[in-house]
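Structure first, then comments.
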Amino acid sequence: MEILLLNILNGLSWGMLLFLIAVGLTTVFGVLGVLNFAHGSLFMLGAYLCMQTMQLFDSFWLGLLIGPLCAVFVGLLIEKFLLKRVYGRDVSFQLLLTFAVLLILDDAVRVIWGSGYHVVEPPAILNGIISVAGQDYPVYRLFLVLIGPLIGGLLWAFFHYTKWGKIIRAASFDNIMAEGVGINVPLIYTSVFALGTWLAALGGALAAPQQSLIPSMGEKIIIESFIVVVVGGMGSFPGAFVGALMLGLLESFGTVFAGRMQMAIPYILLAVILLVKPTGLFRKGV
Amino acid sequence: MTDVLRIENLGHSYGKFKVIEDISLSISKGEMSALIGPNGAGKTTFYNAISGHFPPTRGKVFLNGENITGFAAHRVVDKGMCRSFQITNIFAALTVLENVISPLIIQQRKHFKIYGNVFKDKQIIERAMLVLEQIGIADRADQVVANLAYGDKRLVEMAIVLARDPSVVLLDEPTAGMNPEETENMIKLIKKLANNSGTTFFITEHDMKVVFSLAEKIYVLHQGHLLAQGSPGEIRSNEHVKEAYLGRKVHA
Amino acid sequence: MMKLLRHKLFGPTVLAVLLFFAPLIISTYSVMILSEILIMGLMAISFNLLLGYTGLLSFGQGAFFGLGAYCAALMLQAGYQNLFLILLVGMLASLLASLVVGFFSVRLDEIFFAMITLGFGMLFFSIAHNWLDVTGGSDGLPVFVLPSLSLLGNEITFYEPTRMYYLVFGIVLLGLVLLWLIVHSPFGLILKAMRENKQRVSFVGGNVRLLRIVAFAISGAFTGLAGVLFCLFNSMATPEFMHWSFSAKPVIMSIIGGTGVFLGPLFGAGIFFVLEQIIIQYTENWMLFLGIVLVPIVLFFPQGVFGTLRNKIFKQGVK
Amino acid sequence: MKRKVYCSLLVLTFILTSFIGAHAASTAKIGFTYIMSGPFSAYGQFAKQGAELAIEEINAAGGINGNKVEGFFEDSTGKADVALRAIRKLVYQDKVDMLIGLDSSGVAKTVVPSIEQMKTPLIITHAATPDVTGSVCNKYTFRISLNLAQNVKAAALLAKETGAKKWTTVGPDYAFGHQSWEYFEKYLKELNPETTFLPKEDVAFPPFKTTDFSAYITKVMSSKPDGVFISLWGGNLIDFVRQASSMGFFNGDFQVLFSLGAATEVLTALGDKMPEGLWVGTRYWFLANDSAKNKSFVDSYFKKYGAYPSYNAHGAYSAVYAYKAAAEKAGSLDKEKIVSALEGLKLEIPTGTIEFRKGDHQAVTDAHWGKTAADTAYPHRILKPVKIFNGQDVTPSVAESGCSM
């Protein structure tokens, strides 16, 4: 029973991280039509920038605030100078361009911060253990379990109750229509990419106290984020949430039941969902 | 039985919404018929349901006496019914000749043949050139379709459809987007083709001028139901039709 | 003269002759790099049968490449040394596997197709990585004995790099000739038609799903052939060959070279390897520089380097 | 006329100098293949530093048999086909006399057959798989570093001393993790038949890409073992230790052995987050012995790079010296003669005296295990006390290794 509960918590905390990354990826896809291979690298960049900020100001919370914002700046440069030129081009070109961005970002980070491992300490208040069903459980992980839905809720409110959010939703359904009603589409694209970057980098900053920092940390997570996005339905906000939770929980329980096939769990999930529902669980639209 | 196409109680719904309902009609060989109706009457749904785009929810479709209800598109074509689309549906990056050759390859069951040069296949090339001459674009055979004028692209689609030598041709708004001159030529072409071959044409059209100058029999679709059918004269004088549709639309 | 230059077989013939005599001029190491370029070129052109001709972006070609390699390694381990048997079995295994994967995948399009093939590819990777008893697990399989060929009573072995090159050259040439015939066959034209408009193909009577499965299987079989060669060339089969990052290679090569030209992906493979060799000469940060080089290729060569240059020179339109 | 004389003089000098130059340029070329880029490039960087230090020292002392030593470094990227390409470049293009390197076990195992074709001796300095000096061994392949069997044999000896009865493991889900556990099980069972081991489905093998170990930590803790043998390494180990300590894994409910825990990159990254008093194994520990060889190595390394040498630096450094010793013994740089000279070669390297066994080419070398301890003189945990297991005791016999040459 305790094991069940602990596995659920483990799955949720991992799922929430996946959700933060996948929701940015899916929103960018929904509006810009680009599947961003470099999204994982922005996650990695967020973690490093959070660490750097922490070293300067000695505060995790400042790192969480400033790090992702610095990453957004990098994201804006990428959108302005590179992505902008391939909107509407063939999928393969977009994938290759963002793959090139991934190579550049990963190696640039290695040049700046070195190839060794770095660690980030969680803030003192979250650095303890709490008793869950008679087992010790780290507070930081519970924090992750809670912050995921919080950010998800805020995003949902943003998309449904603010003018900008509504515009983005409109654009994700039909950007020609959006243009027709006088919305500045290029500006929407830029801001959506900035939002996606911020979410990925925030995910990275939140993951930093949890996993060691290494330039390739984004490559590990990008494929799983792709899977979440495809399983949930490309461009779907609730899809990203459900997909991330499904994958998080499956991987957590996989340690108990899957034996040597653990590694294949995400891919089996992907194949099964696409075979049953070729366009994913949810329809497009945030 | 001379009906090439017979449709019995055809209906299609999206969820609870019935787009078309209880449509029955039969078309005899060589008869030029047209389906008209205001926007949203269900014309395209009707076409899609009988041509294999999706299976209809209810009813039956017979082609040359054979039940083809729910057949996939490629099987409907094999049985002898081929269609055009409202939005030009062709192979843009291929040449005109290649556009016409493709259906011929499939017709001759050579589409899984992984060797041999199709351009040296006399049978196919001769037939393709014949079709292009019929349509009147043989002189542009080597041009890439994407570079053609709009009207010519519509002609290429016509050539693709006719290449398979179907017994029934469905034309979905064949003159949509054309200028008056192109429209005029298209009408002439359809008339010529109908007279020269044994092909049965069944068209939908927006432009009433086109419909009344072509069709021998007209079916009127209104809110998913077949409102009336008859000769152009009968339709013109039908009170229901006038009320529902013609009264406001026809300028002729 | 110009007519000869423009003949579509002129370039390939010159290239084949050059490749045949190359080992007389270039160094042993360059011969080995050239062998690799040819093998990866075969993989990329097989892949391009899908991307360039059929309009399907497969991100799981590594699975079939690796399957070919594992077949060859396992057969050699079991003592089968007949070269043609190994090539045949490797191709057949990949053909069967790609029939199965294709059966499930081809009803999807674009990015969904890319993702499901990626998923299947990684499934193969997981199996190769974890099935210790057969595949050697994560270590892979080392190969100790290479097949030999009996020719006019002589046993020809391929341990010597130049001989290995001619083996690779011969098989790749054969593979490319076959692929060239397929591309220019009636089936090849239907593939292009599907790339342009699969709806139209089904509305002139083509069974799109079946056609795509066949295309996927042919591509898989030739990818497997390349995999067999790669196994012989490197005397190894490892799960890495099935990883998505390996499957990305033919994608990169095809786009660099140009998907609209038959030999484009082969040139892409050449450019990729030469670039890599030059970059690693000067820096350990080759990923950074590879990325920096890829960006302008994507942005300014819409038909790939080879395709765009060829079109500039011969002023030809889109194929 | 005068001009002509000048010209011929010039030509003559040119020819002469080029002769002399060619003669003086007779060098011993060593090719190094390590992971120089990507996630694990730190290993390659350490190895490169160690190798360069050795080359510098040797050249300053007159070279090898009077030949200047020149090092060529290639990037394996940790992938087998790329590593082989790198080795081919070294052998066919740079025409090296000797090969040193290889980090990954999988790479080493699949590359080894080609080494035999290239007829160039190779000293492996990092890859731990027993197979390269076992089932796939060959005439040209040697290993100077501690292999998996030696490391785990020492672990088993240590485990017996702890008295723990019921053992489980956490290891990476690839060959290294599984082999480590199999060997551990085998050796400990031999030493103490009463020990029990959890069956394969109840132990934890997280996939290599795992960053979240909580589910595995939960699994292991809830199986209530007496001892846990951990073969994670690198980033996996760092993540595991941090997540596990916050979940109370190191509270002393059971014994914990880290087979490769004392790697510099792990200890440096963890700093004071590495719990004290845990048994960790290592291929080389810079404070393990006070021999003059070790002192001078650590000192000059620290002087040159401002850091303490990792095991990979030590491996590359020692391999260069092993090559020197073999060349001096052979009196030649001829590859075949080097191979025969390396067989049975005994020499002292910083970690102790080693011998390349004739039967399988594995160096018989001591294994070091130590307890993590805090020391303010170092920015990371050190090992204190260090237990040295004699090479003879931990190296399986040639017959056991399965090597037949």
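We call the chains A, B, C and D, going by the order they appear; numbering starts again at 1 in every chain.
The definition used in the following text is that contacts are C-beta pairs under 8 Å (C-beta built on N, C-alpha and C of every residue); 3 or more make two chains touch, one makes a residue touch a chain.
Being a predicted model, the structure only gives us computed values, none of them experimental.
> Indicate the lowest number of steps between chain C and chain D, counting one step per move to a touching chain.
Tracing touching chains, the least step count from chain C to chain D comes to 1.
> Please list the single chain whose C-alpha centre lies closest to the global protein C-alpha centre.
Answer for the innermost chain: C.
> From the centre of chain A, which chain's CA centre is farthest?
Taking each chain's C-alpha mean as its centre, the farthest from chain A is B.
> For chain A versus chain C, what separation do you get between their C-alpha means, in angstrom?
Computed value for the inter-centroid distance: 33 Å.
> Centroid from C-alpha atoms only, then distance chain A to chain B, rounded to Å. What do you get?
Averaging C-alpha atoms per chain gives centres 49 Å apart.
> Using mean CA coordinates as chain centres, what's the chain B-chain D distance in Å?
74
> Approximately how many whole Å separate the CA-defined centres of chain A and chain D?
Chain A and chain D have C-alpha centres separated by 37 Å.
> Counting only residues that touch at least 2 other chains, which ones in chain A make the list?
In chain A, residues 107, 110, 260, 263 touch at least two other chains, as defined above.
> Would you pick out the residues of chain C that each touch at least 2 other chains?
Within chain C, the residues that touch at least two other chains are 129-130, 285, 287.
> Each pair of chains that touch: what are they?
All chain pairs meeting the touch criterion are A-C, A-D, B-C, C-D.
> Could you pull out which chain A residues touch chain D in their complex?
My answer: residues 2-3, 6-7, 9-11, 13-14, 107, 110, 114-119, 127, 129, 135-138, 140-141, 207, 210-212, 214-217, 220-221, 251-253, 255-256, 259-260, 262-263.
> Which of the residues in chain C end up touching chain B in this complex?
Counting only chain C, the residues touching chain B are 181-182, 184-190, 192-193, 195-197, 199-208, 211, 214, 218, 317-319.
> In their shared complex, at which residues does chain C touch chain A?
51, 57, 104, 107-108, 110-112, 114-116, 118-120, 122-123, 126-127, 129-130, 244, 248, 251-252, 254-255, 259, 285, 287-288, 290-292, 294-295, 298-299, 302
> Which residues of chain A touch chain C in their complex?
The contact residues of chain A facing chain C are 35, 82, 85-86, 89, 91-93, 95-97, 99-104, 106-108, 110-111, 223, 226-227, 230, 234, 260-261, 263-264, 266-268, 270-271, 274-275, 278-279.
> What residues on chain D touch chain C, complex-wise?
Touching chain C: residues 36-38, 41, 74-75, 79-81, 84-85, 88-89, 92-93, 105-106, 109-114, 117, 129, 131, 136, 173-176, 178 of chain D.
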